[in-house]
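In structure tokens below, several structures.
Presented sequentially are two complexes of subunit A, the first with subunit B as partner and the second with subunit C.
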Partner chain A sequence: MRNEASVIRTRGLTKYFGAKPAVYELSLDVPRGCVFAFLGRNGSGKTTTIRMLAGLEQPTRGTGSILGCDIQALTPEIRARIGYLTEEHQLYSWMSVQECGEFQSKFFANWNNRIFRGIAGHFGLKSTAKVKDLSRGERAGLCLALTLAPEPELLLLDDPGMGLDPVAHRTLIESMIYLTRKSDRTIFFSSHDISDVERVADYIAVLDRSVLRACCPLEKFQECVRQVRLRFSGAPPALPKIPGLLQSIRTENELRVTCAPYDGEAEKTLRALSPMEMETVPLGLEDAFISYLGERGEKTFILSEMEAQP
Partner chain B sequence: MAVKFIINTGSNTPIYQQITGQARLAVASGRLAPGDQLPSVRALAEELVVNPNTVARAYADLTREGLLEARAGRGVFITRKRKVYSRAEGWRRLEPLLDALIGEAMVLDFTREELRKAFEEKLGQWKHPKGGDRNEE
Partner chain C sequence: MKALILKDLRENLKAALIGLVIFSLLLFRSYQIAGSTLATLLAGAMTNQIIALQPLLSPNLLADAGFFCAIFGAALGWLQTRNEAHRDLWAFLIHRPVTRAEIFRGKITAGLCLYAFGAGLPLAILVAVARIPGHVAAPFEWAMVLPLVSFFLAGVDFYFAGMLTGLRQARWYASRVFGLGLAIITVSLGGTLPETWQWLTLIALAAVILAAAVWGAYQSGGYYRGQPLAGRLALIVAMGAGCALVLFLAAAFLFFVVFNPLSHPSYQYSYYQMTRDGAIYKATTTQDNALVEIVDLEGHPLLDPKTGQKMELKEFQKLLPYGTMVSTSFNHWNQYRSAFDTTHFFSLINITDKTLWYLDRHGKLIAYDGRTRKLAGTLNPRGSDGALTSESFLTQYGSVGYYYNPYDEVSWKLLATATAVYRADFKARAVKPVFTLTNDDEIGAYADVQTGYEDNQPSRDSFITTRKTVCLLDSAGRTIFAVPYQPGYVDYPQVQISFLQPTNGATANFAVWFRPEPEKNRKSGGKMPDHVVWLGPGQAVAKSADLPPLPVQEFSSWPDKLAASLLPPPAHLVFDKDISSPWNALSFAFAFLSAVIAWSLVRRYDSSPKAIAGWTLFVFLLGIAGLLTLLCVQEWPAREPCPRCKKLRAVDRELCEHCQSPFSPPEKNGTEIFAPL
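Presenting the complex of A and B:
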């Protein structure tokens, strides 16, 4: 990844609220022209990161640049090349859909009204409808149209799928794919919808309790997380220390071990337990993600006790 | 002949592999014949609602395997001459599928004779463009 090709670059970016770090030592490079998904559980620091990138929040320490400009000194020219969609969908409630477009267009030299009307149309918005009468999904659609119409070089979308019904959701994803028509466009979005991520993302970054845990091409993440099922004739032996262990599940005669990465060393350690059978299974993106961010350590599922409940 | 790709998110199989798998199957079954055109990367990406890079990656893999070729300015086509895997690699890929088939048949209590008969019958229904003999190319 060449530095000059990065549209977003942070080094040690850190934000404290009081004594608690919301984002800790984040170093990230987002290459130009990619769709980059920013993942993590609620409260992991995604919104704070995006707000810092947009110049709305001062970092406690560390540095960041966006389109080559220091995030603490964003000029109006740079801001005009960035489309930022917030979680809150802030709009003037007394404006009509059309008035919102006209108002927003004044701030952008490249305003493309066809895109605005196209996306608003896909979300079923009438141009005369007042913002205060719109549903949550309609407001989300209007905000998306307002964000995309200036054809920004870089899009920062903070959970754009939140509150959308499945049809509106699909429209959102189609809009994102439409935007990649121009190969130098970069989309940086946070999301909880793993199937969206699977459809559109080239790269993912995973934030876990304020700390960046993974940052790689999507398929590499999926290839990296593996579950190994080991069967034993009796009770499984205690699990030795395994590099990259995320989770292990123990049943009467089976051990299911999830590792990232699952490499030669991990395999050797598991083989040394001499199981009767040993099988490696790939995980779907959602399972991979959940084992990556879920609780670490060993779990035991004793089915007989659960079944005893009427 | 056109082929309809169907992708599933949430599968253990990454999307690009779903596309390559379906293309291989369509060629093997004769639903796609040499000279047939596939949609452009952009068109298929928009149809399936996936990142164009994912489709491009699938097409690149199929091209490397000799199943697809890009003709400059005209599009992407199924190749006339299909380079196949080495015999050994072919077996390596086929064997787990045979095991799965036979295993499932045993679980479902089919006899060996029933399985052989069904297999022959099915084989008769598939029209491979090359008559199934790879040396004929």
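Presenting the complex of A and C:
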């Protein structure tokens, strides 16, 4: 995974809150100029990782660098090159939209007011409106405008669409896609919305219970997470140990098995069960993601057995 | 940084305005009290708030200002940080191309401006009002501003402590406020330090420490870990002071609420009293001032002639003579008793024709017209040749700025310089010498006393002590009596005169009582006896006696000793100067035990020898308070079993402290998908 052009690089990055690891031994490289989706369930450590990368949280151990600078000693020059959008879109509630822009512009040499006004306009924000009076979506738009107007080289976006209604969400993602697409700009974002990821991401990394389990191009992930449907003449036989098994669903004469990665060894094991039919079902990213992070193990949906149960 | 300053100014302006209004009202009330006190005096009534004539010195105002500046400063500092306590807003503040030190500077620039606006502006206006003639009918000098300014500056300590409270990410939530401890201690010490400059130095030192702790907190987002060394040290000092204060309060609670009622210490206190006929009795009371017994020097109880029973304290007090006591000193006339104390600045000695006559701390007689509230003039002592002298009047012992009783006043008064006694005639505005020392002697104490037991007797005598003699002068400056100052003033500075009424065959008209310096007497084990001289007919010495020494009272009992031994050993030594005392040993034992615990804790979590040695020494010096500080400040990392050596190892180290093996990568579950990017 080593990449000399990495804008983000971590090695063994770990964060404990009390006795509980929030992020455990995270080693990651994010190439320059890509859109990198950082995925995981709630509490898996995405926000903590982003906060550590932004130098706002101290790692318990491990190292990390961002734009070549140690994350524990980010200089003002490096910060000027990083745009960071927090997940709850908090701003000074007493400021107006215009005051927010003016305040932020005083700090950034590359401040582009056209971008600020453009995004604010895209969200229909009045310059005199107070932050406290803005809707959640409008506040997210204002935060995005404040993050993008300095034209940062690297964007760290922590679940930018969280809590937004579908229209606001779409507006935000459109702004993100169309206004940030520059060849040398890197976007590192976390999200729960897989359709966003599907639309914009080049690479994904998946955290599962604080541990990085996947880091690859988007297509590779979809390719690796497969569901196989096996038909039997009677009740499906007991499933042997299959490497990478995520989930199996058993019905009267069918067995659906989801594996990651689905490789030759897994296929060989399944064929050994001598099914009547065996076909690979394509999975959408959302299904693949849910299978990947969902509940593991076997589920049985045999009606006769279920009815027989007290 | 300008944008940040303006943002913070605007964000907290409302709080500053509220502070401005509250403090202005407090100061205005004090100004009004000065006016009403003046009106009371001009109407010929009595008041006990003389010092309030100058609102800058009013004890009530000082208390109000002290509390206001502390609360306002702490609230302002806390608000400035609490506004950005939400982690996302904190991120919005921090994530910009400026250093955290610049953010800190911007914040405190705005905060101190707002503090100056809310607390400093009303104060400046009050000082201006007091300074401009026609508003306050009392002396003004710039030094009078210092106590108020000190409280104002102490508010800056509270401001930083408030910021620290808002910023600190503490494991023990309540310990966030411990930073306030240093500010509280700093203000409280103002009541014990004799000089204002000492207090101001302490305030400045505390401000530097607290500011460094806040600066450190900005560097690390409020955590101890990740702070620069200076920030960590400042935080340790600030928290150490807070923990020591908490421990002190806990010790006081133990003493007053738990131990003391259990122990019921029943000490008794004995003292000598002379009755009007010149007889001396020993009265013994309990700590609650309940009478145990009154006996004569032979040990016979004093009986009430009306009842034939033992005399009650109330009845005994009716037998006591008029008199006064002075404290002889040749160097410390104007010594501050504490930086809080403002009563030494002047005393009101006379009101004649609506003119208030003050004796200021420099020994100058100053008159203020009560109607116009303007300076009406000054009176200086003149020598026997009529020429003005450079001498200043001595401040009268006990004549502090609280009390003025107009009912026994006449339009003249006897005043003394170091070498002469003067009659100051306030109606005629003249000062004439009535008595001058003829040798190289010097007046060491002076008090004017009302003589006789009849009402409406205007006679005033002067009781004077010099290096060599103790004498009483009448109102014309004639010597009524003079006795040698024996024993000398160094060991016996306190001299008391009693005006006797000879009865039952007694002939003495006066008694002069020489009392030993209390601290010296305590050190000598109470072996310095009170010396009494009776002056009989013709004012010759009729009799003199050394009274049997009284036992030195040790008021402390085991509860306070035990409670005090919880304090840091250096602080405990202040309470118990006896190095060999078992309570000192106990205090050091607590400190040693705390240091051992600290050593073991720090060693477990931090392998740095400097940290282990530093913390162990710090905890040994501060005792239990040091251990509390360690527990409050340090963020202990979790520990988990090392897969190799199975021992518990701290999770914040790259290698196991026992077997030096690195942390293993996460266990694979077979679903990993990694591909080159």
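Everything that follows uses one rule, which is that the second predicted complex is superposed on the first by the 295 of 310 C-alpha atoms of A that agree within 3 Å, B and C clash if a C-alpha of one lies under 4 Å from a C-alpha of the other, contacts with A are read in each partner's own complex, and residues count from 1 in each chain.
Assume a residue touches a chain if its C-beta (ideal position, glycine included) is under 8 Å from a C-beta of that chain, and two chains touch if they have at least 3 such contacts.
Values in this document were obtained by computation on a predicted structure and should not be read as measured data.
Student: Contacts for A:199 in the overlay, against subunit B (first) and subunit C (second): which applies, first, second, both or neither?
Tutor: A:199: touches subunit B, not subunit C.
Student: May I ask you to decide whether A:222 touches subunit B, subunit C, both, or neither, giving the answer as first, second, both or neither?
Tutor: first
Student: For the three-chain arrangement built by superposition, which of subunit B and subunit C touches the greater number of subunit A residues?
Tutor: Comparing touch counts on subunit A for subunit B and subunit C gives C.
Student: Determine, under the contact definition given at the top, whether A:294 touches first (subunit B), second (subunit C), both, or neither.
Tutor: In the superposition, A:294 contacts neither subunit B nor subunit C.
Student: Would you sort A:121 into first (subunit B), second (subunit C), both or neither based on which partner it touches?
Tutor: Once the two structures are laid over each other on A, A:121 reaches no partner at all.
Student: Taking the superposition as given, does A:29 touch the first partner, subunit B, the second, subunit C, both, or neither?
Tutor: The answer is second: A:29 touches subunit C but not subunit B.
Student: Where on subunit A is subunit C touching in the complex?
Tutor: 1, 3, 12, 14, 16, 18-21, 24-25, 29-31, 34, 51, 54-58, 60-61, 72, 76-77, 79-80, 82, 84, 86-92, 94, 102-104, 106-109, 203, 206, 211-217, 220-221, 224-225, 243-246, 260-261, 292
Student: In the complex of these two chains, what residues of subunit A are touching subunit B?
Tutor: Residues of subunit A touching subunit B: 35, 170, 173-174, 177-178, 180-181, 194-195, 198-202, 219, 222, 281-286.
Student: Which of the residues in subunit C come into contact with subunit A in the complex?
Tutor: 2-3, 7, 10-11, 83, 86-92, 94-99, 220-221, 223, 225-226, 637-638, 640, 651-654, 663, 665-666, 669-677
Student: Okay, in this complex, where on subunit B does subunit A touch?
Tutor: Listed in rising order, the residues of subunit B that touch subunit A are 9-16, 42, 45-46, 49-53.
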